[in-house]
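Alright, structures below, take your time with them.
One chain, chain A, links the two complexes that follow: it is found with chain B in the first and with chain C in the second.
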Partner chain A sequence: MSDFVRRYGWGLSAILVTLTAFWLLALVWVPYSVMIEKSFRLYLPVSEIGGPSDRYTLANYLSLFDMSASSEFLGLMVPIAVQVFLITVFYSCGVTIICFALAYPAAYFLAKKAAPAQIPTLFLMLAIPLFVSEMLRTFAWFIILAYQGPLNALLDAVGLSKVRWLSGYNGIIIGMVYTYILFMFFPIYNSLTALDNNQIEAAKDLGARSWQVHLNVIMPHAKPGISSGATMVFMFAVGSVLVPTLLGSPNSRWFTEIIIRSMFEGQDWNSAAAYAFLLLLVCLLFVSLVMKLFRVNLADITR
Partner chain B sequence: MKRSYSHYLMVGYVALFIGFLLLPLLIVGGAAFNDTRFPSVWPWKASTLHWFTQMAENRQLLVAVWNTLMLAVGVTLLSVPIGTAAAIVLNNTKGKSRALLYALMTAPILTPAAVVGISTLIFWRGVNVPAGIFMTTLGVSSIISAFVMLLVLARLQSFDRALEDAALDLGATNWQVLTMVMLPHLRPAIAVGAMIAFLQALEAFNVPLFARGNAETVTIYIASQVRIGVTPQINALAVIMILIAVAGGVTYEIGRRREHKRRLKLEGLAQAAEQAEERGELIY
Partner chain C sequence: MSEGVEISRVSVDFGRFRAVDNVSVDIRPGEFFSFLGPSGCGKTTILRAISGFLEPTEGSISIGGRPMRGIGPNKRPTALIFQNLALFPLMNVWENISFGLKVRGIDKAERRRRAEDLLRIVDLPDAADKMIAQLSGGQKQRIAIARALAVEPKVMLLDEPLSALDLKLRQHMRSELRAIQERTKVTFIYITHDQNEALAMSDRVGVMSKGRLQQVDTPERIYNDPVNGFVASFVGENSILEGRIQQLDRSQPCFVTADGAIACVAGPDLTNAARTKVYIRPETIKIGDEQTNTLPVVVNSVIFEGNVVSVIGRTESGAHLTSQFTNRPGLMLPSVGEKIKFTFAADAAKVLKVE
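== the complex of A and B ==
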């Protein structure tokens, strides 16, 4: 601390620390804390605040387990909200895995196989979709997957029957993979460029098959990139609002829709806070799982 | 060298991968020029530019564009100083407290933006700040500041702290050390940070969804139009947004290449210096 003041002087140190504190306290941690605190209280009219019914309770969380709104799910009677929560987490994991499976070969090729002269052009073509907003990327698939849209027109033209793409979770999964795949691609690409080609050559010379090289040499090296990509894709997917609203169907539901309904239709901000906190906890759980599983630290993920 | 069968298979795969990423954008853009009621590129009825003129006369949309620009400027002005200051503070922290501070600072990146939106709305409403573009600016900045912080922090790794000491020893004031030694070194990272802050703020959806009050941003406007019946006006708008993205992509790529060249040049210099030293030549 004294070294800090010596370098920047009292005035400047105060400015730097104030800016940082304003961010961490007023913009991030106090709002988070207030949200969490409210999630344990009932949403009451102003007149009742401070009254006998204004106490800490788990009611907002328990409202998810409302058995009066339940149906059979995997052979059990499960409340709808819990189902939606489980389905959201399940499909988000699915989207993460699909993104990895599709992005890894491309990242490997670009990092290790492509001719250096082609890299800038290829990179530019990938950087453009990265800068196009999630809104437009989702909107693109809204047009493409429409029943009367270009994809079905193409299928029709080659003699195949039209497909109702926007039913169930199809549209959501396709849209999410498209929208979030670059957040998987770039971290993997970055961690692979640091891998020495000689290691790959050595493994091959020692007789390793190409899948063995990938599994035992390349993928371990790409671990920080994979964990970073997986965390980002999962977090975006589980908290996505746009993709489920634009590409969802009457028989698909996403957990964020429950939050929004409670917020705007139910006007119950404290229940929404409780559900949002659950969403945050799932993401924290995912991050710590990834950190354990891949043995990486936080700095690898947020790089 | 003979190219194997699997090599061509991979080239084909990468071509498909890039096509998968770019084709949808061409379809969104292309539909802006097609004279159909519902945006599509098939069937192609007639080429037209009237979706662009309609868009330019759409008052509701122009208000949304104005709001979005205000938001983007506000977020840039707020998150660039915050991110830079936070990176400098973190860089001066050591040991356990550094790890803790790092976790506290990067948490917004790992938080779903919808959660940031809700916490922003609940907290600032509680202290009587009305929901609107200003509140949205605060919420979006809380996330973007973390990105700026990481960019500046990465740049600080290559900063030689002895330069600060030297400047101080030579009688520079603290203010001069910051503005004449540190900030010039950080400038590339700050520039990229500002660009990313601006572009990310244009795209924000989840935070504005909760914190905007009655004000509409472009993304919110598009989402509401899609729900009530979309016309190719939105695609005309998309064309403009994609052009901005192309400009962003090109700038980013030029910056990346310049940085790459600079590093190569430095490595070359270092090598030359080493060789000269081995030959016993003094090159200071």
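== the complex of A and C ==
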């Protein structure tokens, strides 16, 4: 702290600390605290606020586990909300895996194989879509993937049959992979640029084939990047609102829809808050479990 | 069993830059061969061509008689020790050593056993479970060697492995490396810019400059019979006199300098040489006048290095000659500014073409 003050002087330090504190408190802590507090209270008509039925309760959380509306998931009957949650997690994992499968080769190519002169151009090509708002990008995919849209027109022109791209969860998966893939790409790219080329050559020299070099030398080095990328993509996918709404189909459900429906259709912000925090907690749990499974430490990710 | 390496008329171009120019040499099985030369002379490029990381633009490389064109580094019977060692930081010592065995599908217990055998060979028996970051420079060096030996290469390639070590450790590792080579009888191809290393360790040395192989010979002959001025200058010290050669065909060639004529011996290939100079080793110059050639000099400096003493004298025309002799008790050293005579035999003065 004293180093900090010495470097920036008292005035500037005070400003920086105040701004950070303001951001943390006013924009993060206070809203979250209010929502958490609300989540433990029932959504009551104005007249009953402050009255006897206004007490702290877990009712909002428990309503998700109401077996009265249940649906099938892998042979078990579970409450609908739980089913939607499990579907959300399942497809989010799928999106994460697809993002990894696409981002890793691209990051490896850019980090190791691309000529230094090409790199700025390639980076620009990757980053340009981000200049457009997420809403417009997602909507663009809606147009591209529509049954009468340009992608099908292209397939038709080449002689292949048209495909219903937006059926089931396909549209959501495609849209999410497109939207979140850069969050997987950049951490992996950063990890890979730090890898000494000599190690790859040493592995080759000792007899390793390309896939063995990747598995034994390159990927372990990229593990921090892969972990942070996967965590970000998963959390973004689980909490995504725009993509499931625009690119979903009548058969698709996403957990965020339940939160939104409660918030806007039911005007029940208390339940919505409860659902949102439950989602957060369970996802944190899931991510921690997977990190333990792949032996990743938190310290590695933050590097 | 180790194999030899046949390098036949190999040239390597990077765009318009010719890094290796028509190099041919046959390295014998079980030999300790060094490529010696200054930075940028092409020795690293040759090593990478032998190990398979680049293909020669012209010429061919064969190992054990088998041509290696088109064969990648993971399929060649070579093992390369990198200048920065390139040990895998995320694996521990025995995992590093047995990596080459792992990618060949050998099971864990066997790999561990062989790693421990190799650790004994490189004299680090207790290091198996340590992480690389816990080792010192010399220890890392030995782990890199063990890792390379694990795949039982026919040819070991070493890229200036001792350059990052301090002097004492370098000297110790020199004898270690030589001992390992003699024990395992693997062909060692060693590249360095340190002439002491090359002379001390090698069976034969190939001196390179600007992509060309200047001379391939035993250390003694490289030092005593250099073929041109570059080799003479790069290996060991010299006093150099400029001038012109005369009477090349007579039994006693003569070199005319600004300080008079010097009886000398002619080096190879002098007939069409554009420029020639006389190169004289410091240990062949004595203070006095009893040898064939004698030149009066003024003492410029006297350097006492402990076991040897160097006296640098300036001739009348301004050339510098160095006389070097071993220290002994009761030695009288000349003083700076004193007028003395330097003397040397005819066969100590070698006329060589300047490279």
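Following the convention adopted for this analysis, the second predicted complex is superposed on the first by the 266 of 303 C-alpha atoms of A that agree within 3 Å, B and C clash if a C-alpha of one lies under 4 Å from a C-alpha of the other, contacts with A are read in each partner's own complex, and residues count from 1 in each chain.
Everything that follows uses one rule, which is that contacts are C-beta pairs under 8 Å (C-beta built on N, C-alpha and C of every residue); 3 or more make two chains touch, one makes a residue touch a chain.
This one's a predicted model, so the numbers in the text were calculated from it and none came from an experiment.
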Overlay on chain A: chain C relative to chain B, clash or fit: fit
Which superposed partner A:269 touches (first chain B, second chain C, both, neither): first
Computed vertex angle (chain A) for partners chain B and chain C, CA, steps of 10°: 70
Contacts of A:280 with chain B and chain C, given as first, second, both or neither: first
A:221 touches, of chain B and chain C: first, second, both or neither? second
Partner chain(s) touched by A:199 [first = chain B, second = chain C, both, neither]: second
Partner chain(s) touched by A:207 [first = chain B, second = chain C, both, neither]: second
Partner chain in contact with A:24 - chain B first, chain C second, else both or neither: first
Smallest separation in angstrom, by C-alpha atoms, between chain B and chain C in the superposition: 5
Chain A - residues contacting chain B, complex: 3-4, 6-9, 11-12, 15-17, 19-20, 22-24, 26-32, 34-35, 38, 102, 105-106, 109-110, 113-114, 120, 122-137, 139-144, 146, 148-150, 153-154, 178, 181-182, 210, 231, 235-236, 238-239, 241-242, 245-246, 256, 259-260, 263, 269, 272-273, 276-277, 279-280, 283-284, 287, 298-299, 301-303
Contact footprint of chain A on chain B as seen in their complex: 6-7, 10-11, 13-14, 17-18, 20-22, 24-25, 27-28, 31, 38-43, 81-82, 85-86, 88-89, 92, 99, 102-115, 118-124, 126, 138-139, 141-142, 145, 150, 164, 168, 173-175, 177-178, 199, 202-203, 205-206, 209-210, 219, 222-223, 226-227, 230, 234, 238, 241-242, 244-246, 248-250, 252-253, 256-257
Chain C residues within the chain A interface of the complex: 51-53, 72-75, 78-80, 82, 84, 86-88, 90, 99-100, 102-104, 147-148, 150-151
Touching residues (chain side chain A, partner chain C) in the complex: 196, 198-199, 201-209, 212, 216-217, 220-221
